[in-house]
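Each of the two complexes below includes chain A, the first together with chain B, the second together with chain C.
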Partner chain A sequence: MGIDFFIGLFLATLIVALFTARLYRLILWYSMNSLALGILALMVGKSLDDEAMLITGVATLVIKAVGIPYMLKYFSEKFHFVRQIQPQIKTHYAIMLIPAILVFTFYLSEPITHMVEGNANYVAVSISSLFLSLLLMMEHRHVAPKIIGFLSMENALFLLGITATGGMPMLVELGIFFDLLMAIVVMNLLFHKEEEVRS
Partner chain B sequence: MTIYLMTIAILLLIAPLLLSFIKALKMWLLYKKPISIFQGYRNFSKLMQKETLVSQEASIITRVAPFLVLSPLLATLLFLPPVTHGAFYVSFVDAFTITGLISLSTFFLMLLGLDSASSFGGMGSSREAFIAALVEPAMVLTIFSVSMMAGDLGVGQAGANLTAHFPKEHTASFLFAGISFFILLVAENGRIPVDNPETHLELTMVHEAMILDISGVYLAIVEAASSVKFIIFSSLFASLFMPFGMQFGFLAALVIFLAKLFLIATAIAVIEVNTAKLRLFKVPNLLGIAIVFAFLSLITFYVLGA
Partner chain C sequence: MMATLLILPAFAMFLVSFSKHKKAKYLLTVTSFAILLPIVKLFWLPKPYAIWGEYLVADKLDTYILLVSSLVGIGVTLALLTLDLHVKISAKSYRRFYRFFATFWVGLIFSILANHMGIYWIGLELATLSTVYMIKTNHSLAAHKEAWNYMIVGAIAISLVLFGIILMYASAKPILGEDAMRFDLLLQKAQDIPSPFLFEMGFAISTVGMFVKMGFFPMNLWLANIERASFYPVAALFSGILESAVIVGFFRFSEIAMKVNYAHLFSFIFVYALLTIFIVAFLLYRAKDFMRLFSLSGVEHMALIALFWVSGGTFAALLHFGAHAFLKPALFLSTGVLESQGKYHIAGALKGYVGKRGKLFWFTVSLFLLAIISLPPSPMFFSEIYGFGAMIDMAKKSDHILAMIGAILLLLLLLSIIFYRFVTVYQSMKYEGETVEKRVYTSEILALLLFAVCLGFLMTPASFAFLRSIV
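So, the complex of A and B:
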């Protein structure tokens, strides 16, 4: 029951993020998304009795739910990002597009769900959130929301990892975390460069 | 049957209290001196004593419409899910009936706004039509999907079923339906992100614009109708989306139910203090989110069974 609730919360925060037109609000929704993911990892880890997954869950909570949103906000203040990020896809179209994507991905993942035992629908939710984060990247023109779309895509993959495979090796997870941190540092440099070019 | 009638009487009695509670809580949160929570009753008795003036241009509709605004809502009150275990309830009323009755009330409210031929009334009515047209599909979808999860199309039966055995495997779609219904609760009752119930500023008002031209008893009836509408939505939310606490005795279950209503009112007040009113042309975006969540809840339930 609890796991189902947080899976729902994960998808819900992602969908609300798709409609957001403000950068700080988008960062907040990303943070909520990661929070749901971290709690999910902790719950799945507890039910599988997998200590490594508990560690990755705590790392998700610390790095993705607090650290990365805080850094993104810090950067956006430092480099004066555009904070009005009106999505390129109008809301009227998004209202039709998002359910279409969801239905498509739910049926797309049906063959896979037969192969996975246990909670098969988690796979469908994570694949659909993968597509939705792709949409989040597509519908924005500015750099910062695109980065958030990229990070949400990583969240979706992480969800696929913890639910479909019954626990990825922790080494892989930690590798991904360091990758993300490196990516954030590189993005910082990029923004710095952009700032220099503009000024 | 006594419990059923008593519950409806209690709901009717606390309806003005709940709206005044929201207002008082909002004022307290804004460091103002709060109004008394019994202000709703005082306003009602004051308006009942006042002279009723009707515009010269108004037709018979102005005299009839206030009653027709209130009566569908009173009828809906009879069809709500039961508050305690073993209480009487009407089981055959489904999502379409409840939505239809509420829209009927809205329809007469719009006619009332148009009837006196003032520019404000027409403006308010057109805005209300704009919002109501978007609320209805989402509401039908949401209540329908919750009743499917509960295993019965009747709303009353669905509320009883949800408390008796909560569909644990459908928690995800239940959550989506809950989000959608909360947005509808805010939109249909004209709370802040959609409509500000306190201003008389011509750019922002929707509900107030329609009732500018009526006075006295008619105004009292329309105000009562809006508080009854809030109690309908909040008790639907309480029994469909917070399904617990019904198995205790009558008194305990009633206290828990009222506590849920006040919890919803508190949530509304906190949201109202923290958000700015949306531009009217941004309202479809908010309701679009509600429609997306309602649809998502239905397809998650059907396709994934989650």
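So, the complex of A and C:
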């Protein structure tokens, strides 16, 4: 029951993020998305008695729900990001497009969901989240929301790892976190250079 | 011990890159040479050799790819010595370039030697992220835009690879548990995978991610645009090293997919590669500058390697891979010299090189240009002959021999368009335009000679015997 609630919350935060037109609000929804993911990892880890998943759950909460949103907000202030980020897809079209993506991905993932252990709908939600994150990247012109789209995509893949496989090996999870931090370092450098190019 | 030896030169390079001493750039090149030593030692050790438990295991395939990549790395660092004489680059950017080059090497070692899908992905992601900044060392708006473009498209491609890995892992986890990430065990138990459809879905998604990263259909131009916008050593690194890390993943995954369902694998790769070469041939025909020309030609060659590999022509694929890995960086590095008199000046680009160094330069560039279009005795010529032979042999075992001959004829037609374009470019470079005196530096000549020697060595009977013994 609790897992169903948080997986619903994960999807809901992503859908709301697709309609958001303000950068800080988008960062907040990303943080909420990561929070739901972290709690999910803790709940699944506890039910499976999987210590590695509990550790990755805590790391998700610390790095993705708090650390990365804080860094993004810090970058946005430091490098003066455009904060009015109107999505390129108009709301009335998005209202039709998002359910269409959800239905399509549930239909698309139907043959896969029969083959994985655990709740089949969770895998379908993970795959829909992946497509919705791609939509988030596509519907914005500015770099910052595109980065949040990429980070949301990484969250969707993490959710797929939890639901389809009962958790990936610990080493891989930690490696992915390391790469994510490396991505933040590279983004910081790119923003620095953007300032230099502008000046 | 071996893991430390492999990573130590990259670590030393990272540390040296902080030094502001004028001579530090020579030390950086020396550290690049130091990378080769443990790889040569690894080359002679009995295979498979466990470097880090079951996570990093050296076999003949990955040692060959690592050796080729390290030689390319040396060539690129030699050419980097004179980068500031051809383009405007600050000392700070130059040092930072090396810092990310060292990180790139660590990622590369992990991805090439990985016996674990997860480690492979982590290494590839690290190598991809570290190249983002290298693009940005060129302080232009175009490079800045393309660095972000690479960051975003590269991230999507790499996410697709991870998506596929998760599905493949899920398909084999019921029989292998957490070891379902290991390439060797997956290969052994491929026919026992309980959900082959799930594995194939995962393989297809991962392959699309890897192909997008290499500029296959439908993303044929993104890599060419990035290589155009960045400094020429970056393009050389992309074509000679980063693509090697990507293709080694394709080799590993496809070896398993072949055992799961060979017919599905072959049809998928065959159609994808053919479509890519079809589009690239016409894009090449319209290319108006060296960078795009060589970049698109790289896509064509990677498509051919994938095609030969899945057709059972593993020797042809590996020979083609080696030849491409040496030829393409050599041509990209030459571009840096050719374009120093102004971009896009194809006419007369090979004229005006005087003195011993100048003559050697235009001669080696001419050889590389003619070798890349598979003129004999280029290794490309032999690999294509063996590759098409493997395709025919494969078709003989099925009822599709006529369809295969038709497909090979179509491929030859498309390759002849590329051939025609390159010959036109070469003639324009050699016989048209004005003669303006141009300079080429010793380190650049050394880099080109290194690539020429490596190509010559690739053609020896010993190399052929080694390549045949890999798979």
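In the analysis below, the second predicted complex is superposed on the first by the 199 of 199 C-alpha atoms of A that agree within 3 Å, B and C clash if a C-alpha of one lies under 4 Å from a C-alpha of the other, contacts with A are read in each partner's own complex, and residues count from 1 in each chain.
Criterion: contacts are C-beta pairs under 8 Å (C-beta built on N, C-alpha and C of every residue); 3 or more make two chains touch, one makes a residue touch a chain.
Remember, it's a predicted structure, so these values are computed and weren't measured experimentally.
In the superposed model, A:V58 lies in contact with neither chain B nor chain C. Shared-chain residue A:M71: touches no atom of chain B or chain C.
Looking at the shared chain after the overlay, A:L171 reaches chain C, while chain B stays out of its contact range.
When the two complexes are overlaid on their common chain A, residue A:E154 makes contact with chain C while staying clear of chain B. Of the two partner chains, chain C is the only one touched by A:M137; chain B is not. Set against each other, chain B and chain C touch different numbers of residues in chain A, with C touching more. By the touch criterion defined above, A:D4 lies against chain B but remains apart from chain C after alignment on the C-alpha atoms of chain A.
In the superposed pair of complexes, A:L28 makes contact with neither chain B nor chain C. Of the two partner chains, chain C is the only one touched by A:M115; chain B is not. Counting contacts by the rule stated earlier, no residue of chain A appears in both its interface with chain B and its interface with chain C. Of all residues in chain C, those touching chain A in their complex are 55, 103, 116, 118-119, 121-122, 125-126, 129-130, 132-133, 136, 139-141, 144, 147-148, 151-152, 155-156, 159, 162-163, 166-167, 169-171, 173-174, 178, 181, 194-195, 197-198, 201. Note for the complex: chain A touches chain C at residues 111-112, 115-117, 130, 134, 137, 143, 146, 150, 153-154, 157, 160-161, 164-166, 168-169, 171-172, 175-176, 178-179, 182-183, 186-187, 189-190, 193-194, 196-197. Those residues of chain B that touch chain A in the shared complex are 168-176, 179, 284-285, 288-289, 291-293, 295-296, 299-300, 303-306.
On chain A, the positions that touch chain B within their shared complex are 1-2, 4-5, 7-9, 11-12, 15-16, 19, 91-92, 94-95, 98-99, 102-103, 106-107, 110, 121, 124-125.
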